[in-house]
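In what comes next, chain A is part of two complexes: it sits with chain B in the first one and with chain C in the second one.
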Partner chain A sequence: MSLLCYQAQSQRVDITPPYAIESQLEPTASFERFPWLLEALRGLQRICDSGQNIPGIGDLRISPPTASFVRRLLSLISIPRLPVPRISPISGGGVGLLWNVGGKEAVLTVYPNDERLAYMLSNEQDELVSDGLLTLEQQRTLNSALGWLVER
Partner chain B sequence: MAIADDATIPNNNVLLRILLDDWIKKTATGSRPNSLALFDSNFENSCFISNAQSLSELQRLFPGLPVAGIPVDIIRANGFVVERRPTECPEDYAGDRNDHVVVGPPEPCGRKEYQRMCQAIVKNPRVFMLRFVPER
Partner chain C sequence: MKRTGANARIASDPPRRAIDFEKPPVVETSLGFYFAPISKWNIINYGLLWQKFMAKYPSAEFKPPIGEMQLSFAPNSDFTDLPLRAFFVNTSKTQLVQIQNGCFLRNWRKTPETPTYQHYDEVLPIFREDWLSFAGAMREISPADMEVKRCEMTYFNHLVRGEDWTDFSDFEGYYSMWRGSTGLDTLSKLKMVAIATTYEIPHGTLQVNSQPGIRQTDGKEVVQLTVTAQVIPTKQSNEEFFQCLDRCHEANVNGFLEFTTEEFQQKWKRKR
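Our next item is the complex of A and B:
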């Protein structure tokens, strides 16, 4: 078969795979650049695996869409120097992420019935200094809020 | 669901909120519930009115778990109300089921406002911590 003929045949072949190709190197690179990320994802998996409805405390079961939302949220945080967040269930099927850095505190919450995340920042005196609601499209604001934790 | 304040629960009562270990913040003087302890995606939380019988029952049902003691006046001063919900009491609770209450805002409110109220409550220095004795 001539090269020309081969190219002509190849052009007829759809080489787009029916699934998205994900580089195996990218996750590794993310974990190296953001050392807290792997432990955070493990923490999320832990609370997803152990979630149960406990009358008297609350429903601590986390749905797959909520877990997926939290994973997307974690993937948007681009601050390498953050410590590992404490990841906890919130009554009613939500997830809370909590960072404490030198007396400052940041809390992010994800609720199953709301496509926004809420953030609350408290200073060293335990006073609320900022809070708000964000969508996952507001990555810059999210990183700005969390960046406040580690700024010197 | 809207929550209606129950005037038969006096301000000097204390509500017990059973916590997870993940919902505790260490402080210079000990510990307090952290901001997540009162959050709920439905804007209402289970608590129990504190008395000798409820303490004994909760110790039996939740051995080893931490508990926050929240005076009712702090709940109300921060915009929440308290309603008895005996029907939502744990099935195996053998005490007075009217000890089970829910707390939350009386009217629908925004999530930001709700979380602010929750945080103000848990940060109040009169909120205290207990821990039930672990099961032997």
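Our next item is the complex of A and C:
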């Protein structure tokens, strides 16, 4: 048995200023902490502003409640080093979000008038790794799924 | 509007509700005391403390502690003082007590169900009651007096895009300390701005931070304007601690008024 096994646990919390002062009851996801978030938000705004009902293609208009749902979804992703997702409208009023990191892909699909979103993960060989449905209350699962993209 | 210098007022004036808004931007307030960590702290204390608080705050959660943490584990580790922060939350999730070995904080927030802003003079008696309850429990747990190092008060204000502002360049006219980029060429198109400032006040500091982001509860784009004052007590007595909180409150109010322009304040319908 190494000496390390007998080493007492060292734990210390230093709360000497400056430390992060964060809202605990009304949290926000800041653009500074999550550099991809501002571009994602602007991307969402662009498809909301340009959404049209195109005969033969589909209704690409996104309702304010769906846009709000996607913004909430984005704010709950607590992974700073994600790339900016590709955001596209889905016929019928849905929104798709796609992250590709070195061949690994994560696709989140938000449907209108649904409290759930679908997720799908695929690896570099384009094999399905995981999929399912989530609500916004399942923040830990959401972050675990997207964390897989950037884990080393 | 002519006002006495903030530092001079903090030192001399008694606390009072000097200003008021019909629609204040504040969404959350936090009052608290930071104390020297107690050497005999035990995680069982959280259970003992919750017994004191559970009638008012029936929900308990555990979070990472505030501050920089160094952790190392070994097979014979002692987890007696595992770094944790306990959250005791009331039923409506509008009132929160935060406890860790080193600090006691109490937060209030606005919700659609409880939209009326609880002013400092309304929150303070509740904080006092909770602090005295905590301090009493701590005397039972560890007879040595707690040494309070800092008193702190924070206002979290949310400035909502589409309601309080439309473009980041608006803040050139809303933050008095920021000149913006009017008249510049390369820097003419502002995409995003985050500001962090710290000022000295008597016996402490005042931090004003402006951070844009997305509010998790409703997905709205907001700028969170956080105003935090910290004052170091010169004596170890509850009277002194609460006077320090009063000074924090005064500094926050004056700092907020000086940081924002009257044009911005009119958006929240300033009453006086």
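One rule holds for everything that comes next: the second predicted complex is superposed on the first by the 123 of 152 C-alpha atoms of A that agree within 3 Å, B and C clash if a C-alpha of one lies under 4 Å from a C-alpha of the other, contacts with A are read in each partner's own complex, and residues count from 1 in each chain.
As a working rule, a residue touches a chain if its C-beta (ideal position, glycine included) is under 8 Å from a C-beta of that chain, and two chains touch if they have at least 3 such contacts.
In this text the structure is predicted, and so the values were computed from the model without any measurement.
By the document's definition of touching, of the two partners only chain B reaches A:Gly56; chain C does not. By the touch criterion defined above, A:Leu98 lies against chain B but remains apart from chain C after alignment on the C-alpha atoms of chain A. Applying the stated contact rule after C-alpha superposition, one finds that A:Ile90 touches chain B and leaves chain C untouched. Between chain B and chain C, C touches the greater number of residues of chain A.
When the two structures are aligned on the shared chain, A:Leu37 is found in touch with chain C, with no touch to chain B. Once chain A of one complex is fitted onto chain A of the other, the partner contacts of A:Ser75 are limited to chain C, with no touch recorded for chain B. Across the superposed pair, chain B and chain C touch chain A at no common residue.
On chain A, the positions that touch chain C within their shared complex are 4-21, 23-33, 37-38, 41, 67-76. Every residue of chain A that touches chain B in the complex is listed here, in rising order: 55-58, 60, 86, 88-94, 96, 98, 100, 105, 107, 109, 111-114, 116, 118, 120, 122, 126, 128, 131-133. Remark: chain C residues 27-28, 30, 34, 37, 65-79, 81-83, 87, 93-94, 96, 98, 100-103, 107-110, 150, 154, 156, 158, 191-192, 194, 198, 205, 207, 209, 211-222, 224, 226, 228, 230 touch chain A in the complex. Listing the residues of chain B that touch chain A in their complex gives 18-20, 22-23, 25, 34-36, 39-42, 45-46, 48, 58, 61-62, 88-91, 93, 100, 111-112, 115-116, 119, 123.
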